[in-house]
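Structures are listed in the sections that come next.
In the two complexes that follow, subunit A is the common piece, with subunit B as its partner first and subunit C second.
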Partner chain A sequence: MSGSTLLVGPFNRVEGDLEVKLTLEDGRVAAAHVNAPLFRGFEQMLLGKDPRDALTITPRICGICSISQSAAAARALAAAQGLTPTPQGDAMAALIHAVENAADHLTHFHLFFMPDFTRPAYAGRAWHERAVARFTPMQGSAQRAAVEARAELMHILGLMAGKWPHTLALQPGGVTRAPTARDRVRIMATLSAFRRYLETTVFDGPLEAFVALTDADALLGWEAGDAGLFLQIARDTGLDGLGVGSGRYLSFGAYPMGDGHAFRQGVWDGGPSPLDLAGMTEDLSHSWMLGPSAHPSQGVTRPDEDMRASAYSWCKAPRLGGLTFETGALARQVVDGHPLARDLARQGGVLARVAARLLELARTQILMEDLAAAIDPSATFMLQDETPDDGMGVGLVEAARGALGHWLRIERGRIASYQIVAPTTWNFSPRDTSGQPGPLEAALVGAEVRDGEDTPVTVQHIVRSFDPCMVCTVH
Partner chain B sequence: MSEIETFYDVMRRQGITRRSFMKYCSLTAAALGLGPAYVPKIAEAMETKPRTPVIWIHGLECTCCSESFIRSAHPLAKDVVLSMISLDYDDTLMAAAGHQAEAALMDTIEKYKGNYILAVEGNPPLNEDGMYCIVGGKPFVEQLKMAAENAKAIISWGACASYGCVQAASPNPTRATPVHKVILDKPIIKVPGCPPIAEVMTGVITYMLTFDRMPELDRQGRPQMFYSQRIHDKCYRRPHFDAGQFVEHWDDENARKGYCLYKMGCKGPTTYNACSTIMWNDGTSFPIKSGHGCIGCSEEGFWDQGGFYNRLTSINQFGIEENADKVGMVAAGVVAGGVAVHAAVSALKRAQKKSQDKVED
Partner chain C sequence: MNLLWLQSAGCGGCTMSLLCAEDPNVFDLLDGAGISVLWHPALSVESGQEVLHLLQAVERGEIALDILCVEGSILRGPKGTGKFQMLGGTGRSMLDWVRSLAPRALHVVAVGTCATYGGITSAGGNPADAVGLQYEGSHRGGALAADFVSKSGLPVINVAGCPTHPDWVTETLLLLKDGGLDAEALDGFGRPRFYADHLVHHACPKNEFYEYKASARHLSQAGCLMENLGCVGTQAVGDCNIRPWNGGGSCTRGGYPCIACTAPEFEEPRHPFTETPKIAGIPVGLPSDMPKAWFMALASLSKAATPDRIARNALSDRIAVPPRLRTPRR
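Let's turn to the complex of A and B:
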């Protein structure tokens, strides 16, 4: 099978559509080309609209990370208005956003990632029967429990955000609902039920004990719960060495509050450095997009209707200082400095990405409890300011899947430019002018493809370890 | 069809007790607005009828409908969603991938020819021969037409499939087109909303599976049982509207008191949906309850009405009520110049027309 190509797609159990073209040599992936085959043109639709309409339109880019899009739009507008939300407004926005991110991690693990281990290809492995019982799509007992726990956790979104998906509660100056003392009690009760679920089912142990793990060896010794099942599978199938990334990580900083973030902002390339987006570009050389490569504040979105042969994806290719960066829970925890994440970053493969998501799930639960406990019903939760006739603003947030940025320019009271760079735009970007493959494309190289496999399991694991959101990628 | 199980068989196999099953039947009857007399009918239908296969496909969309659906808050929702309805094909949740998945779709169509319900989330973009949404190497519009050909009926989930939604917003770069403009020869039920409420989705699908027919539809093709009343009709802030007590500013005292959001651009008075009765996320709340106006996401064209914070300036279908601005001025003594009116006249006319249409029904 040397020198053959294999087109993998459509992928199911990812949000949106995805195709991956693999060039195979001697049973391994020699090169990968990732195509995001869905384009809607949100950046074009936003032009000429009332800037505030971004709060309603951009969340509808994605039904899974819609609050992340809301939060980025609200931040961009606040920046354009020169408005700083009140501390309690920030904290409630953080809580609302954290609920979505925690729910997304739960969904990814249970509905998107683990079901691949129920495939017949793994029959006979010591863990296979348990994986089938727990994670068979739409039937597995862990899947059902997760869907239920997630729906209950989202009562907080019902309460504070009115509805989910697609809330309207996040505004530039804070949140539209001031929680009452009664809301605070309900939120805390919901969170303690969610902790109980995490501690009896997902981790089967205290969250604090999982968060206290400091290295990969200690992690692999965690045997309890579905996390333990995953780690057993990871040891048996060598997930640590699969889909290894570049080791460069980027985080815009999660949950901005006051001057800082709950999870720090920055980049990691063997060591930490501050985030500086001046050197950021979106490269269009291999995208079906017209125009020059540009910083998002100068960027345009003009689809190439001829779909020229030298390009292969609707996705633009974001680069920082000319380099690819991986973004997501692993990147966030590495940048934030968690010892386990920093140790996992040395492997940088499927195990590292999925384990970092579990780590972050535990840490996020603790963060949400702290935020809820600090709710002060007498505080001000919202400020209002006029949208300027002319101005610019950038909204940088962290979606579950990684760094999300909105770059807004207002002229004569209308949106003159709106550019969105989503986490999976970074992770699943195509090649750039220098021929450098995107993070997923690079991570797929070397993956084993056995004879006769037309949906190679290794490729499935690697692709899903990034938790792609294709509808955000190309919007 | 004899080899196909009944709903009850499927539920039993999932370990659901008789008692839970009967409870499900009575709750379904209640949710659908049917009397207790319907409970045995529902039970009988589920015990004797072969379950109806459902194929669920995704076009240009954001998956928010699926997200809403899997969070369905029905007491037995997880069983309804994960077993009873038995989605025979769903590309977001199923195990298969790639060619296997396409084969599964073809098999399901072949096996249940003429008997399955096609649920469509999202819509086909028609520009450039449909190349903006490619599924399995082919434009989604082809998959849609193929799957529709042998379907018994089609459910258009959400604002995308029903009307186009935000991706059809001006200038509609991809020419995103609602399902009923592409499929002309099949019964189509629209379940709009962005997304629709989970209980509305399960209610509609349960009705169709149980009674083997479409629920009664309004002139726009929406099920009347869920879309016959305005948000405004059952809004818990309605007394403040009638009393002329309005939020004027996000951070004013009136916002904290929970006054009416009409002046903040609320589209509740012209939006037909069940948000203010069934509510969201297990009945916890709905947008107005969280302090933000309704944007009218279950109405056609809600995305291009000239600004979501523009106010409907005149609502004159209310009989005894005055125009809300006048009520406000009388009750609160507000000076006319104190309130900026940002009306988009065209938007307003559309909205009014809709209400009037409704009244004539």
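Let's turn to the complex of A and C:
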């Protein structure tokens, strides 16, 4: 099948629409072109609206990163207002956001990523029967337990954010509902139950022991729980060497509180450096978009309705200093300096991405417990301010699947420009002017495609290891 | 019964909300009811060619389809081609697929306000030319014809909400399975009446504030959100405060206004979502079925009668003044 092409789609369990074109040579992927085939136009919808309406509209870009979108919009508006939320307002926004991110990690592992190992192609492997029993869609025992644990964890959002997804609880000045002492203990009880689930089912061991792992060898010795099942599968199928990325990682910093973040902000390229977005551009050369490549503060969104043949995706191509960057849980934990994540970054493939998500799930539980314990029911949780007639603001946050930014400009009291760059915009971007493929496109090169496969399973593992969110990607 | 779920141009949030179903969880609920999922884009293992072959088999009538659920609005742009959403790997637009598959289904269920009426995807200038399955906003006739009926004889069942409450979706499916959903069970916009015959106002915890028009001036204050902060819970359909969300929440319980997300055209209220439009200082918009003169008279009377406790609590971010203790008569 030398030189042949495969069109893979509809690609599911990717939170939206995805199509991947593969060029094959000698049973391997020689080139990949990644297409985000849905365009809705949120950046255009927002133009001319009252800036506060971004808090209602942008969460509805995405049903799985909804609070991430809320948080980015709230921070962009706060920046335009020159408003700093109270410390307790910041901390409650962080807790609300952390619940969504923890739930998303759970959803990704159980519902999106692991079901591929139940496929008949893996029948006969030592772990296959257990994978089938645990992760068969809508039937597997781990899937059932995960949706129940997730629904119960979300009670924190029912209590503090009204509902999930699509809340208006996160505001530029803090959060709309001040918790009482009763709310605090209720949240702690819900978190205690979620820890019990994680420690008996997902990890089958203390979270602190998983977080204390310092390198990939120690990680592979973790045999307990569904995490252990995943690691057994990863060893057997060589997921460490599959879908290796560029090794360049980017994090906007998760859970901004005061002057810092719970998980640090920065860039990693063999070593750490501070985040400087002055050199960021969205390249439009291979996107069905019109206009020049630009920094998002100057960017425009004008779809090419003729869908010119030289382009192949509605997704723009974000670059920093002309380079692609991978973003997500692995990037966040590498930038934050966790020793296990730094060691996994040496591999940079499917195993590293999924294991880093498990590591972050454990760390996020501990963070949520700390935030809940520190709730002060006598504090002020929200400040009020007017939206300025003219101003600019940037909101940088971390969704479960990576760096999310909102760039807002207000003129005469109305939104004059609103540009959104989502995590999967970075990860699943198309080629740029220099021909540099996007991170997924590069990671797919070399993947094995077996004879007769029309939807290669290796390709599916690599794609889903990024935890893509396609509805955010183009928006 | 079998069920095919398609995600058209939306956010996927109605599926994410559906996964929050409890007692029992959504998988056990569907399984227990005898509803099998042919394919779901967020859940099923099948990807790529396997899915294409399944859709083609349904299209050719080789697989009888009982329930087609569509989540997300349908895009007609650019220029009427539907190419703003191509179903990956098939070379066809979602508009084309939905028009082809809907007449094959016994029942067609639009899940969420995007799929029912166009919803948030049609906000602003509606850049992607989004419509609902059978409605364009409040006007009948969307991606499917105004007079479309599925094989059961029912029009599209519009489970509106942004997002939908998990129970609105599961109970609609259970009723369809049970044969308990007929034309009489749908309201004038095609919504199941079991939740659309209620108003969000029913059981709102801010009702005592509402009775006296003791209003919050800013978000985070405990008072009623109707007078100043855009709340339309007295007009919006939904049992959100009768059967709360995610264990115990609702928009108003979370301290922010109801924006009538179950209604056609909620996405363009013609005022900022969190600000009540007023003429000469008097809010525009009346509670459902309330004559204007009576409302004005009662509002001014009750406002004048507001107890101090309620007036002070309305402007506080938590209860500042508790109810007066009552001692039993001896």
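Everything that follows uses one rule, which is that the second predicted complex is superposed on the first by the 475 of 475 C-alpha atoms of A that agree within 3 Å, B and C clash if a C-alpha of one lies under 4 Å from a C-alpha of the other, contacts with A are read in each partner's own complex, and residues count from 1 in each chain.
What we mean here is this: contacts are C-beta pairs under 8 Å (C-beta built on N, C-alpha and C of every residue); 3 or more make two chains touch, one makes a residue touch a chain.
Values in this document were obtained by computation on a predicted structure and should not be read as measured data.
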Side-by-side fit of subunit B and subunit C on subunit A, or clash: clash
Which superposed partner A:342 touches (first subunit B, second subunit C, both, neither): neither
First (subunit B), second (subunit C), both or neither touched by A:155: both
First (subunit B), second (subunit C), both or neither touched by A:195: neither
Partner chain in contact with A:264 - subunit B first, subunit C second, else both or neither: neither
Partner chain in contact with A:184 - subunit B first, subunit C second, else both or neither: neither
Touched partner set for A:57, first subunit B, second subunit C, both or neither: both
Touching partner for A:111 - first (subunit B), second (subunit C), both, neither: both
Subunit C-contacting residues of subunit A that also contact subunit B: 7-13, 15-17, 19, 37-41, 44-45, 49-50, 52-53, 55-57, 60-64, 66, 111, 115, 118-119, 136-139, 143-144, 147-148, 150-152, 154-155, 157-169, 171, 173-178, 303, 305, 307, 314, 380, 382, 384, 454-455, 460, 471
In the complex, subunit B residues that touch subunit A: 14, 60-68, 70-73, 77-78, 81-83, 87, 91-102, 125, 127-128, 131-137, 165-167, 169-174, 176, 194-195, 249-251, 255-256, 275, 279-293, 295, 297, 303, 306-310
Partner subunit C, residues of subunit A touching it in the complex: 7-13, 15-19, 35, 37-41, 44-50, 52-53, 55-57, 60-64, 66, 107, 111-112, 115-116, 118-119, 136-139, 143-144, 147-148, 150-152, 154-155, 157-169, 171, 173-178, 180, 303, 305, 307, 314, 380-382, 384, 454-455, 460, 471
Complex contact set, residues of subunit C against subunit A: 7, 9-17, 19-22, 25-28, 30-31, 37, 41-52, 75, 77-79, 83-90, 120-121, 123-128, 130, 162-163, 218-220, 240, 244-257, 259, 261, 267, 272-275, 317-318
For the subunit A and subunit B complex, residues of the former touching the latter: 7-13, 15-17, 19, 37-42, 44-45, 49-50, 52-53, 55-57, 60-64, 66, 111, 115, 118-119, 136-139, 143-144, 147-148, 150-152, 154-155, 157-169, 171, 173-178, 303, 305, 307, 314, 380, 382-384, 454-455, 460, 471
